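Some structures are shown below for you to check.
Here chain A shows up in two complexes: once beside chain B, once beside chain C.
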Partner chain A sequence: MLIEQSAYSNRWRQVSPAAKGLFALCGMVAVFIAKTPGIACGIALLLCLTTLVGAGVPSVRYLRVAAPALLFLAMSGATLAASLQSGPVSGMTVQLVPAGLARAAQVCGRSLGGLTALLFLALTTPLTDLIALLRRLKMPEALLDIMVLCYRMLFVFAESAHAIRVAQTARLGYGSISRSFRSLGALVAAITLQVWQRSLALHQAALARNNDGPFRFLEPSFPAAGRQLAVACSAGAGLIALAVVLP
Partner chain B sequence: MTLARTGPIGALEAVDFRYPDNSRGLVQCTLALQRGSRTVLLGPNGAGKTTLFLHLNGILRPQRGTVQFDGAPLDYGRPGLRQLRSRVGLVFQNPDSQLVSASVREDVSFGPCNLGLDRVTVSRRVAEALAMVGMVDQADRPVHALSFGQKKRVCIAGVLAMEPELLLLDEPMAGLDPAMQGELEQLLDRLHRRGMTIVMATHDIDFTYRWADQVCLLAEGQCRAQWEGAALPEVRDQLRQWGVGVPQVIQLHRLLVERGVIPATVPAPRSHEALQRLLAPRTGTAKG
Partner chain C sequence: MHIMEGFLPAKHCIAWGIASAPFVAYGLRTVTKRVREYPEQRMLIGVAAAFTFVLSALKMPSVTGSCSHPTGTGLGAILFGPAAMAPIGAVVLLFQAILLAHGGLTTLGANIFSMAIVGPFAAAAIYRLVRAARLPFGVAVFLAATLGDLLTYVTTSVQLALAFPDPVGGFWASFTKFATVFAVTQVPLAISEGFLTVIVCNALARLNPRELQEMRVATGSEQEVQA
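Right after this comes the complex of A and B.
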């Protein structure tokens, strides 16, 4: 939901998704061709600053969205850097080896860059715009339809699961551990049934509006897309140039 | 809409329909919907109102009997249904089961895009439909951030953008606050003035008496009666018997006539406001 809020309320909401996508892609490419982990981290920092300062995403929200991924990255980095060794004298020891450290730094730098590039795109662009972009990029229609429905239904079912949970709580459904399990089971059963019923209702509603194949929508229009693409292209090229030029 | 046609716009003749789980849908249901009318379908829950709508839109097919649109039996082939659904718009009761896209503008464009219209026409229709339901400011918000009433308006806009001749509304007032109900009523009046036939399922008997010029009573899958809207005072015993209630203004008017406050020769008012005007002193206006 944090990502959602940001995607709809940031300063670059009306910027062409193609431009934002291109910039994120250039960021990722730059990170992957960066020669040292330091440069990769530098590019990640630039991407992060672009999101915070350029698009005006609040830094607290940014950190909260990034936190799970950062935690995961820290854990993976630590396991890559350290190696478990067993010696006849000292027994099992955890050692930091230079090769492991270098590999960990490289992986962390790249991952950080990839993360910031994706966060830039996700925090500035609503998914409906991204789906429209993918449609223009000729992604298979079946996949797009599934994305449209999943995205829409995610919120419908989240709302309904929340409502059921509140109703269960109001009747002491989560009063004890065993009752909690029972209530959770009932919730899952109710939602499963709803998925089935709603899919039928949605199918009928789509038929009623004359749908007989893939979903078609009006593409959102971004009047300044050409200029924005040019800006994104030069900014992205700048990032790649940084990665190539810096030693 | 170009030709001045006559006869009912939609009709059911002895239609039988049972759902796959053997629950009752329609039983020998016969009724006719007058062209250009404002028709209300009354009836208790489970009377078959939604099933009837799904038949008129060609989504359900009768097991016996025929459904007609514009004087001809429905053609259930692909082109026939396409043609039918471009002329008959259906707004479902639950907006969450109608809204396909998470973007307001995209969802409203879904119907016109399915009609195969060009981009410019679709944009124009989407803008017009959003303006009609007063949702222009919300066009770029995600559907899941809207209130129930707003979602309902998006649903109506999505169907209006297809510019149907016959508009079917399944309990559109349910869940709306009084202000929104008033706005919806005004919108329906505007659409009706443009020549659209509107059929609505509702439980609100006071609204029905105020608004409808045709009333169909559905019970147990059958159309049990069809009246002129103005005739409801004469059939109040039947209304009571079928459990749909009697409009309050009819009851009050009757009492006032019995007490001699209003002369019996004055025609019965259709709404609370009309009754107030009747009772107001000639020079002043009624208080709210």
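Right after this comes the complex of A and C.
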């Protein structure tokens, strides 16, 4: 997972997650209140540059991470710009109308801005920090428990899926379409069983350690959090001001 | 079919969030109640969320050449029950947004509604209906998974059409547009996922696992898997 690698290795790893979250939130707000697509794109560029230059995320990785979302944007943007019309003679026709084009531009600008704000947060902050932040924001404990478990188990499952896949491929399990389906089915069934086996094992391990409540971990401390929050707050306010002031 | 970050207008984001919240809360309550009855299932939902996340990252063999991933809504609804799929799906979608940049934070509510609520509930209802009609187990699983996926994608198209009605043709023209464009990838995906889910359920029935019997999961539907 490319995003994970950056989240743990970027230059702003030790910056308080509250500050990074606040800045991303301000970016989102700014993009949503931007009046023209141009301003939204400008804010997107600023957010993108902050991630690349400030946090030191490699630009190739940034593009690879953003590619699937950009593909969705291209498809839906084109759909928005085109307009279907049913004429009495010609049946359904596809047309480009100015109103559709303007709206497509507006949505594309907003989506680009939203994507860069999301990527800023995702590429600079590990999920464990985000979960700790959500805990401080009083998210329901039951959901937090699911998130903690999900994050810890997902690498276990990914590894076991990978191992099974390698073994199957070595035996030509993915040689043809029908074989691929059968192999993938067997793979998923094997992992499905592990869901129960592993959850039971985890439960017994937790009981053996006298745990029957929520999972608690030591939260990382961020000594400069106050100063960082102030910086993030003023930078975020700057973004919002840009969106409000520019015509 | 994830709607990307920032694509929906602010009002729609909030409205879909409000629409999804009660389902997630109800799902959490159901899960908590079930855990009180069977304490050994305490870790199940969290582990199931990780399973769903990994499942959605697997590449499916595709006939058309496009790269497709299963959604896991049908299988999840049959294995864990549709109510539990709402919190599971909410966490999985949040993780997909943060770890893979699929979907987004502002569109989380809309994505939860289509993929973690409509899909699983439809799949579970179809599964029950088909089983009640005394059709074979395989047919029920196939229809549940395929139609669950198709309804998910129809819901997404409705969400997009509601947010962006066509300037000339209105809601229906816009819905037709989105539904047609996404059908290219979504219809083959739904059919492949239907086949895959049947193979998985048959394999599970063949393995006849002790764990599934002992833990009496998903009350009722699991016995059918083993039958």
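In this section, the second predicted complex is superposed on the first by the 239 of 247 C-alpha atoms of A that agree within 3 Å, B and C clash if a C-alpha of one lies under 4 Å from a C-alpha of the other, contacts with A are read in each partner's own complex, and residues count from 1 in each chain.
Note that in this section contacts are C-beta pairs under 8 Å (C-beta built on N, C-alpha and C of every residue); 3 or more make two chains touch, one makes a residue touch a chain.
Quantities reported herein were computed from a predicted structural model and do not represent experimental measurements.
Q: A:Phe217 in the overlay: touching chain B, chain C, both, or neither? Say first, second, both or neither.
A: Only chain B; A:Phe217 stays clear of chain C.
Q: Thinking of the overlay built on chain A, is A:Trp196 touched by chain B (first), by chain C (second), by both, or by neither?
A: A:Trp196 contacts chain C only, not chain B.
Q: With both structures placed on chain A, which of the two partners, chain B or chain C, ends up touching more residues of chain A?
A: Here the partner covering more residues of chain A is C.
Q: So, does A:Ala34 touch the first partner chain B, the second partner chain C, both, or neither?
A: In the superposition, A:Ala34 contacts neither chain B nor chain C.
Q: Could you tell me if A:Ala208 is touching chain B, chain C, both of them or neither one (first, second, both, neither)?
A: It touches chain B, and chain C stays clear.
Q: In the superposed arrangement, which partner chain does A:Glu4 touch: chain B (first), chain C (second), both, or neither?
A: Both partners.
Q: Looking at A:Ser83, would you say it contacts chain B, chain C, both, or neither? Reply first, second, both or neither.
A: It touches chain C, and chain B stays clear.
Q: Touch test for A:Leu127: chain B only (first), chain C only (second), both, or neither?
A: A:Leu127: touches chain B and chain C.
Q: Please indicate which partner A:Tyr151 is in contact with in the superposed arrangement: first for chain B, second for chain C, both, or neither.
A: both
Q: Kindly list the residues of chain A that each of chain B and chain C touches, one partner per complex.
A: 4, 127, 148-149, 151-152, 156, 198, 202, 206, 212
Q: Where on chain A does chain B make contact in their complex?
A: Going by the criterion above, the answer is residues 4, 8, 13, 126-128, 132, 148-149, 151-152, 155-156, 159, 198, 201-202, 204-212, 215-220.
Q: Please output the residues of chain A touching chain C within their complex, sorted ascending.
A: 1, 3-4, 28, 31-32, 65-66, 68-69, 72-73, 75-76, 78-80, 82-86, 95, 97, 99-100, 103, 107, 110-115, 117-119, 121-122, 127, 130, 140, 142-143, 145-154, 156-158, 161, 174, 177, 180-182, 184-189, 191-200, 202-203, 206, 212
Q: Touching residues of chain B toward chain A in the complex: what are they?
A: For this pair, the touching residues of chain B are 54, 57, 59, 78, 82, 85-86, 89-90, 92, 94, 96-103, 105-107, 109-115, 119, 122-123, 126, 140-145, 158-159, 162.
Q: Under the stated contact criterion, what part of chain C meets chain A in this complex?
A: Against chain A, chain C makes touches at 2, 4-7, 10, 24, 28, 31-32, 39-51, 53-55, 57-58, 60-61, 63, 75, 79, 87-88, 90-92, 94-95, 97-102, 104-106, 160, 164, 166-169, 173-174, 176-178, 181-182, 192, 195-196, 198-200, 202-204, 207, 209, 211-212, 215, 217.
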